Structures are given as structure tokens and as C-alpha cells.
Amino acid sequence: GAMTATTFAGTAAASKNLPPMEPSWGRQLGAGVVDKPYGQPSAYEKEVVRRTVPWLTAESIASISMTPIQDLKGIITPNGLVFERYHAGVAQIKPEEHRLMIHGLVERPIIFTMEDLMRFPSVSEIKFIECPANGGMEWKGAQMEALQFTHGMLSCCEWTGVPLRVLLEEAGVKPEGKWILAEGADGSHMSRSIPLEKALDDTLVVYAQNGEMLRPEQGYPLRLLNPGWEGNTSIKWLRRLEVGDKPWYHREETSKYTDLMADGRARKFTFVQETNSVITNPCPENPIVKSGLIEIEGMAWSGRGKIKQVDISFDGGVSWVPANLKGLVLDKALTRFSLVTKWDGQPWLLQSRAIDETGYVQPTLGQLREARGTNSIYHKNSIHSWKVEANGGVKNVQIS
Amino acid sequence: TPGMVSAGEKYGFGTTATAEEIQGWDIDIRPDGKGLPAGEGSVADGEELYEQLCATCHGLFGEGEGRWPVLAGGEDTLTEERPVKTVGSYWPYASTLYDYIRRAMPFTAPRSLTDDQTYQLSAYVLYLNEIVDEEFVANKDTLAAVEMPNQEGFFVDPRPDVKNNRCMKNCADPAKLQIVGTLQGVTPVGHFVEGADAPAASHQAQEEKERSL
Amino acid sequence: GAMTATTFAGTAAASKNLPPMEPSWGRQLGAGVVDKPYGQPSAYEKEVVRRTVPWLTAESIASISMTPIQDLKGIITPNGLVFERYHAGVAQIKPEEHRLMIHGLVERPIIFTMEDLMRFPSVSEIKFIECPANGGMEWKGAQMEALQFTHGMLSCCEWTGVPLRVLLEEAGVKPEGKWILAEGADGSHMSRSIPLEKALDDTLVVYAQNGEMLRPEQGYPLRLLNPGWEGNTSIKWLRRLEVGDKPWYHREETSKYTDLMADGRARKFTFVQETNSVITNPCPENPIVKSGLIEIEGMAWSGRGKIKQVDISFDGGVSWVPANLKGLVLDKALTRFSLVTKWDGQPWLLQSRAIDETGYVQPTLGQLREARGTNSIYHKNSIHSWKVEANGGVKNVQIS
Amino acid sequence: TPGMVSAGEKYGFGTTATAEEIQGWDIDIRPDGKGLPAGEGSVADGEELYEQLCATCHGLFGEGEGRWPVLAGGEDTLTEERPVKTVGSYWPYASTLYDYIRRAMPFTAPRSLTDDQTYQLSAYVLYLNEIVDEEFVANKDTLAAVEMPNQEGFFVDPRPDVKNNRCMKNCADPAKLQIVGTLQGVTPVGHFVEGADAPAASHQAQEEKERSL
């Protein structure tokens, strides 16, 4: 939880704010309504922020930050904490001057204003977005000492927009049209080729997240959303969609976001974020502070559909017990799992293993390495291990 | 009647894009050369421009300054423990180079190059990678015709490629479990580990300790 | 939508940022990652804020503000925009020094720290919270010229916490225990009597909203949540729960939050927020700007369960057509409805009418007034009417 | 075995509250007098204290200054167009007065009054409402015994009380629809209506125009 790392006892014992005393906040008035027309988290939650690992990139403008998933509850990521990935920093776009152009192999090329797009019937869907590099620093060995860095390139919001299918019908895709190039308006003009099949299936063109307009960090005023696919395909600050008969093989689908195998050949168009899961309590940031009953909790997700089952191992994968799914179990959304048990100082090798509705079982790291080597950077969705020590501390380890 | 809209009816929102409007934004290039503009650029002109606009980050020889991307070299490293993936060693198509320089480089001033300049720089980066010789002049025909060393190096995603079973008991021999700990001091954990702090996450610490990525 | 009231055309036509030009934001770099460790909305969304109606209360510290529901999409209200209701302003509570005491008719009176509470298995549920005074300014006549003021005392979040049932089992309620007094830690020490039946049914003690810890405005670090019940029963800054055999008849359940009928007698313990709905597009803040197809959209909710159906009338209630529910249809949560139709300048008298899973049909204002007079202040859940004028402008009207 | 927790087992989190801890926080009062502390307060002492601590907002006679709450009067107005709901005209139990003053008043300094002071102020507000006479001394017995004028005025929520039908056609006579527009200028709409602005939402505008609440 957000506050587990802080020591409560010390300060509290001496405090005038504990029963039977009347706390200071009960003896005074606070700020009135619209003191903050747009509200902020409590000053006591300053540690719940996005963080980056500086050495991952040359600098912060083409870089990534991670969501503090160790502090989050439920399945919604609040907008202020959604992870960031930029190739040219955050574009600051005037919404009145933003345009989406659809052209190429279409009957009628169209330019939409934001007002035009917001006139279409909207849909709202809760979907995760994950960077395919999530966990990628760990192909060769465990090197991230915190959950925020092992799994934090991951967020889940309620997104609102228009199915891309509707916009494509409006333009009229010609029979030769098979791929779509999506392009951003930021300085990187990030571009990805999307198969028409996906575009006609569940791709959305979205302008809102968690009820309000997109945050600048997430592509304000418009982005693509390819549910369940690697986050970089969900082009932010979306300005152009060109329909073509072949993929474009641009830099982000050749130089990057291809997966190098041990034999030196590379996989291309590795779109799907496969079934994954991680235990969020306990974790390095949330050590076990007291013996007794404990809820082992975590999140699971699959780019192929709904989570069907999550199992937990306490002994490094020798034996497994089924966990319970709790709350909403939605297609391509974070799903919470939970198992109440007892801890009395015994060391644990904690793992979670998710299974999705296609029957796919989250693999071991050994299985992934065997199939792909250790150079593929992306799509490391293997079972993750936490070592719980006798003092309740939790360490990131790899088990083989 | 309200609520009755005929199926297949179009919304008619938005305006038809004119050829001129499209042309200004239609910047993408494909491997078959589709999208390449008129104009041309030589390796020699490229060299001058590269040294002016690119070398501070990518190095005089494309070797990359500091942590900025390496643009040349890395031949035959793709099976090594630390592959060096560059234009020469990894990229399957030369068109991608023109496309990417045009849309994103130089980093601090994207979309500032002319079509000719983009040809010049594409030619020069190919030259740095020994893919073309110093006489090379890039234009829409010559660039589309360049064959890249790793063109055949890519294949379509075969996933799901790994099949785990939902084993519940005796799934491994507990005596044989190998547990490898975390490489410490490379991630910033000062926000929850007492004593640990940001320096551990600096580029310097990383250079000494980093294992991968 | 968030931007419909702004004029796009004027500025845009002359701009260098439109195709075929390369917009300025495509020619430069933006801020890098963790430039804002906790993100903010775009500067262009300044108008999407909570607002109050100053004359409703003597001053802002014991007052209310409204959520800009006219600008929101989907069913999640972002935390920064959740409506506010204070009786002594926003308490600023140190979470380490906050306590929840459970006592009275229990086997073992307990004091919980936040850490204790966060150790219990958590549940996360998407539920609306509504002030029973929502729309209450309109019993005698239409006087609010904007959707934010007619229906904005309403929000919907994913809440995380512990079922109150679990905490009560921990303390062991004695057989005589029938009611619970919930009390806040703020300067008003807001208190309400809750029947044990509700407490054992679906009441939660929550510490998080939309993934992160509660906002100070919503009771940080702890609040009660009585799903579907009037918002004031969901005591914020919750510090005490006393189990008793009778209700307490405190100020907020006698002087306030009782409903005065025409005969001078008053209803007490009017907890449930009955089925309600309102059209959010178009509305006064979102006039129709162009002829053609339009999605009539809105939100419906019921304190008794799920929404089953919403109907729309274009002629002031003479005839009705069924709308479609869209997105998630959850128990006691906002539910979106939608109907695509055409507008060509004809005047409309737009209404929506929700029906919940109990079969309850949202009543007309006439029916409510006939049953209750016009002095009851609270629980005005009648069918709402918007007058769409020939120029697309939308006015709040009452139809009888 | 992990994952196996016996049903009905308690978590055992939290600490047992001591009698002393409970007593400091157990401030609530019930109509039957439960919760009323020892001590007492007279109308006369209450008058002095009220004038010192309360009258600036609630008025010398409980009539309310400006928009601050009215504490006295309003008898027989509950069926009128603008009912005046006060302690005297509306509140069913005197215990609520002690409870509320103790927990929330004076507004700017909640929980600052002694038990005796709270008895004094309760006595005086009852006196202002002509519910007790000037000799009245409030204590846990006398206050619990006070009968309030509107004690019988409340009944349990009978909702659902209105039954609408899901009529789809000819639900009303279109010729007879009465459409009443919005009272304009009382809500702040300056953020989307050109020309309209905050002054329209001021207390002054409201006093002239307000219809209800």
C-alpha cells in the first residue's frame, strides 16, 4: 500500500492526535470548496509518483518513466500516474488546431477536427497499455530492485473515443487496403504500421482517459489505442492514418520493437502483449511488516482477452495454489488476484502465474530464454519471483 | 423518426482533404520507394552536413557519443551477448533511414531538413556503414535499390511460441532450484530503502555495473 | 464534450499549424519524462473544473461544489473533479496519526491504524456517489442554467477498501446491535446513523479512489462508502464507528437530510438515491453546433442496483424511444446511454427516463411534486427536460 | 498450507481500545440521553456565552445574520411556501442540540467548549425557541426530558412512493404541455455563455431573484 514503507509507530506514540485526544484537525476548519477547482493528491502522498531509471536512455526527452504500481489499488491507474514514453518529449498541442487526416487507399480522404471526432458516437473501454520493454531489463538477470521498475511500464484506464472502424468506413477503404500507417504530431512523428484486421477489430481513436480529456503525456488531444498490443503502436498525438497495401517498415518496427532471437534473426510485428502477472503485495516496496494473516495480492493481464485464472507459488514454482480473481474481469484490462494466507517469518519464494481465456499459461523465464535467448529486449512476460526474507523484506530474484 | 438512422449511412463529419493538404503531411517512405520525393544527395555533401548536424550526438563515425545511439558498425554481432544493432548491422531497408531522418532528425529540430539534405544524410549514413561507396548519390531510384545486409533477418511473429503447463504439484525439484539475486545499486530505490539513493542510478554506476538492455 | 463551447473555426483558418503546414509542435521537442512526476491536465482544459453556486451557502467552508459532468466521458470521474461537500472544510490528516475506532455494542472494541486497515483483504468497486440535494434547487422551478449545476453533485469512482462487515466481524457485534454511528475526524465531526443491515450488506470502509489513495477532498485517508445511498452517509475522514441499538437522530439526520412533505411532516432516514438520468449531450454547456447526425448521450444511475433501460423523448414526454446502454452496466454505478439521430434545426424537448433492475421507472416532476410538494429539498430524481432551440442552443426547462 | 485459512478465523489486526481511549472520542448523544455527560448549564449563563461566541453568526435572537443558519423561530411555517426550519420549529429531539454544539460549534473552533458550556448553550438555544423558560438548567436528566414541538413530525421513508409507467406513445396531450423556462441570471454561467458572468451568481442577485432552496 501507499504507506507501508513509512514507520507509523514512532511519531504516533508521542502524538496529541491519538485517542483519547481530539486531533488538531478536529479543532479547526480546513479549506473550502473550489479552493482547488482541480484537485491534487494529499501532501502526504508525495512518494506516489512516476519514476525513471536515468541510465536507460541518453536523456529524458526520448525516454520512459514507470507507474508506481506498488502503490496502486484496483484496476484504474489515475491519469497523473500513467507511465510515460516519449521520443521527442510531450507535444503541447492546441486542440483547435489539431487535425486527423485519413488518406491513402480510401474513397474519400478526410480531415477531422477534434470537434468532428467528438461528434461521432463514442465508446468507453477499460484497457491496459503496456510498453513491450516492460521487464525487459531482466532478460539476462535480475537488476531492478523495485516493482515500479520491474513492471511499471503498465497502466490501465477507461478510454473514450471512436472505433477506428467507424472512421475508416467514413473514408471508405479500397479493396487493396491491407495496412494502416499511424503517425503522431510530436517531434518524433512516431509511426507504426497496423494491419487492417486489427484496425477493423477493436482499435480505437481516443480523446479521453478516465473521464476527462487525454493528458498531454498520453497524447492530448488524440491518440490511437490498440487494445492488448504493445503500447508504442497506440500512437500518441495522432495526426495521420494512411491506408496502404503493405507495411511501411519504419524505424519503430525494424530498428526498434523487433525481437532479436539467439540465432541472430529477429521477429517482426510482435504486437501482442502476452499473458503476464506480478504480485504487488508483498514486493520490494511493500515488505511484510507483521506476522499473521496476509493478503497476497497482484495484477494479471493479457493482450489476448480476459484472465481466467491465476495461481500462486510460495516455493519457487514447485507447487501452486489457485488464487481468487477479484473485482472486474475485463477483456485486455488489469485484473486483480488475491490469496489470503499466513506468514510467520518463514522465507518464501513467491510467484504468480496467470492463465488467460485462450488457455495460454504464463511461461517460466527458463522457457522464454530457451525459446528466445536473452537479447530480445521486448515481451518478457515470464513468471516473476520475489524472495521474502525472514525479516519480511522482499527481493527481486530469478529462479531456474 | 428520432432514433432511426439508416444502416450504412455515413456521418459526413470532417472535410475532404485536398491533394495539397495531403502532400504536406504525407511524409512516409516505404521499402519499395513509395513516398521518396524528387531530388538527390551525395555522400560527399552528406559528410559535411552530418558533421554539422549529427556528429555531436552520433559521433563522427556513427559510433555514438555517450549514450546517444550508435549509427554504424556492429556487423556480425547479432548473435553475441551484447549485439550492436545499427543501420548497417540490423536495419532491413534503406528507405527507413530516409523516412526516419525526415520525420525525426536532427533530434532537436525535427522536420527542418530539405528533401535533398535528407538524401545527402541517408547516403552518408549508408556510407558510414560501408553499404554504399563514396560515389553514391541517393535519389528515389538509387535509394530504393539499396540492398541492406540484414534484409533477410526478419520473420513474422510466431507467438504463442512457448507452452507452459498448469502444473500444480511437484513441478520442479526443490533441491535443484537456482536462485539468482538482484544486481544491487543500479536502480533508484532511495524512496523506500534507507541509505540507498539516486547516485546508484547514475549513468556512471550503470556503466560499471549494468548487465543488460 | 470538453471543447464544444469553444469556437474552432476563427483562429484555425489563419493558422500555420494546419495541413499542409507542419505544426509548430512537430518542429520542436517537448518536456521529458518525470518533468511532472504527478501529471496535470492540459493547459487547454482549464475550463474543466469544479464549480460552486456561491449563494447556496453562507460561505465556502460549509458548502458544495459540482463536478463538470458536461465535460466528462465514460463512467469514471477523475479524482481531481469529484464534487466536494464540506461542513468544516477539508481536514488535513496525517495518515500515520489517523485512527479508526470501533466500539459500542461489540465484543472487543478496536482501534485501527491505516496500516492495520490496509492489511485486510481489499475489494475495489466502481460506485457513484451523489448528494441527495443534487437537483434540489429545482423543486419549485428551473433556476440552474447549466448541467453542472442541475446534476453535478454526482461522481463515480473505483473505490478500494475493506467491507465494513469484515471489520464488524473482527470486533464482534453483540446481538442487541442494530445501528451504527459513523463519525468524521474533521471539524464538523459529521455523524450519521447507519442501519446494521446496510453495514453488513455492501458498505465499505475505503482508503483509495481510482487506484490511488483518497483525495483530501474525499476524506483522506479513510471514508465510509454506502453504495447507492445519499452521499452524506458516506462519512469522510472516518474516525469512529459505534454500534448501538437505536439510531442517534443527529443534526444531519433531523435538521438536514430529512424530506419535508407538503403536510408539514417529514420523512426520515431517506437513504436511497433513486433511479435518475440526464442527457449530457446536448445540454446548455454543449449546444448543437451543426445539423446532421448527433449522438444523444447521457448518464443514468440507481441506488437500488443496475440500470436496465433508458428511454428518450424528443417531444417533452409525449412519445419515447428506447436508447442503448453502452459500456459497463454495473450495480450502483453511472451507466451511459446513447441514441444516434438527426437534427436539422427542429426544436426539441429532450428528456431521458431511466428504469432500473427493480422495475422502478424514473418519475415525472409532476408525479414527484404531487407526492411530496415542493419543500423536500432532497431526492429530486425526476425526468429532466432540455429545450433545444432552432439555433442549437439548449435551455433548462420544466414541463408539466 | 498457504492459501488455507480457516473460516471464521479473525485477522487480529488493530489493538483493543481502552476505556480511556474510547471515552475521549465517544462524544455522541442520543435522544434517550445516552452520552450526556455530568455537569449542567443555565439559560442565564448560556445567554452570556451565546452572545460572546455565537451571536455574530446566528444573531442575538437566533435569527441568523446574513446567510448563516437561523436557530430560532419558524413555528407553524412547515407547510408554507418557504418553511423556516429551526431547532424550535423542526428539530425532533433536544439531545441533537447538545450533540451538534459539542461536535461542531462554534464553527471556527469546534470541540473547544466544556461540557458545562455546552449545557449552557443548549439551554439558551432552547430558551430562544421558547421551549424552556428562563429558569431552565440543562443537565443529563432535564435535557433528555425536554419534549420538542415537532417530535412527532417525522416518519420513516416510504419510498418508492411514486409509480411511473413506461408509456411509449401518446403519453401526454402535446397541446397541453406547459413549458416553464429557467429563471435567468442566478447561476454562474460565464464560463460558457458569452456576456453572462459571475455577478449574476452573487448573493445580491440571488436575494432579488432566488426562487427556492
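Every chain is named by a letter (A, B, C and D) in the order it is written, and numbering of its residues begins at 1.
Please note the rule applied: a contact is a pair of C-beta atoms (placed from the backbone, for glycine too) under 8 Å apart; a residue touches a chain by one contact, two chains touch by 3 or more.
Note that this is a predicted model, so its numbers are computed, not measured.
> What chains touch subunit C and also subunit D?
Chains in contact with subunit C as well as subunit D: A.
> Would you say B-C or A-B is joined by more C-beta pairs in contact?
A-B
> Would you mind pulling out the distance in Å between where the CA atoms of subunit A average out and where those of subunit B do?
22
> So how far apart, in whole Å, are subunit A and subunit D when each is placed at the average of its C-alpha atoms?
Roughly 46 Å, centre to centre.
> If you average the CA atoms of subunit A and of subunit C, how many Å lie between those two points?
Averaging C-alpha atoms per chain gives centres 28 Å apart.
> Do you know which subunit B residues sit against two or more other chains?
Residues 11-13, 17, 21-22, 25, 107, 110-111 of subunit B each touch two or more of the other chains.
> When you check subunit A against every other chain, which residues touch at least two of them?
Only 18-19, 26-29, 51, 61, 88, 101, 111, 113, 119-120, 187, 189, 293, 321, 340 qualify.
> If you connect every pair of chains that touch, what shape comes out? Choose line, ring, star, complete or other.
other
> For each chain, which other chains does it touch, given as pairs?
A-B, A-C, A-D, B-C, C-D
> In their shared complex, at which residues does subunit A touch subunit C?
That would be residues 1-4, 6, 8, 11-12, 15, 17-19, 23, 25-45, 48-52, 59-61, 63-65, 71-82, 84-86, 88-99, 101, 111, 113-115, 118-126, 158-160, 185-187, 189, 207-208, 210-217, 220-221, 237, 289-290, 293-295, 297, 326-328, 336, 338, 340 of subunit A.
> Which residues of subunit B touch subunit A once you look at their complex with the stated criterion?
Residue positions touching the partner: 10-17, 21-22, 25-32, 34, 57, 66-69, 78-79, 81, 83, 85, 87, 90-93, 95-96, 99-100, 103-104, 107, 110-111, 153-174, 177-184, 186-189, 191-193, 196, 201-203, 205-207, 210-213.
> Flag every residue of subunit A that touches subunit D in the complex, lowest number first.
18-22, 26-29, 292-293, 312, 314, 321-323, 339-342
> Within the complex, which stretch of subunit C touches subunit D?
Those in contact with subunit D are residues 5, 47, 51, 53-58, 61-62, 87-88, 101-103, 108-113, 116-117, 119-120, 136-146, 149, 166, 169-170, 181, 183, 187-189, 191, 239-240, 242, 244, 246, 248-251, 254-255, 258-260, 262-272, 274, 284-285, 309, 311, 315-321, 349, 353, 355, 360-364, 367-368, 371-372, 374-375, 377, 379, 385, 387, 395-400.
> In their shared complex, at which residues does subunit D touch subunit A?
Subunit D residues touching subunit A: 1-5, 9, 11-13, 17, 20-25, 107-112.
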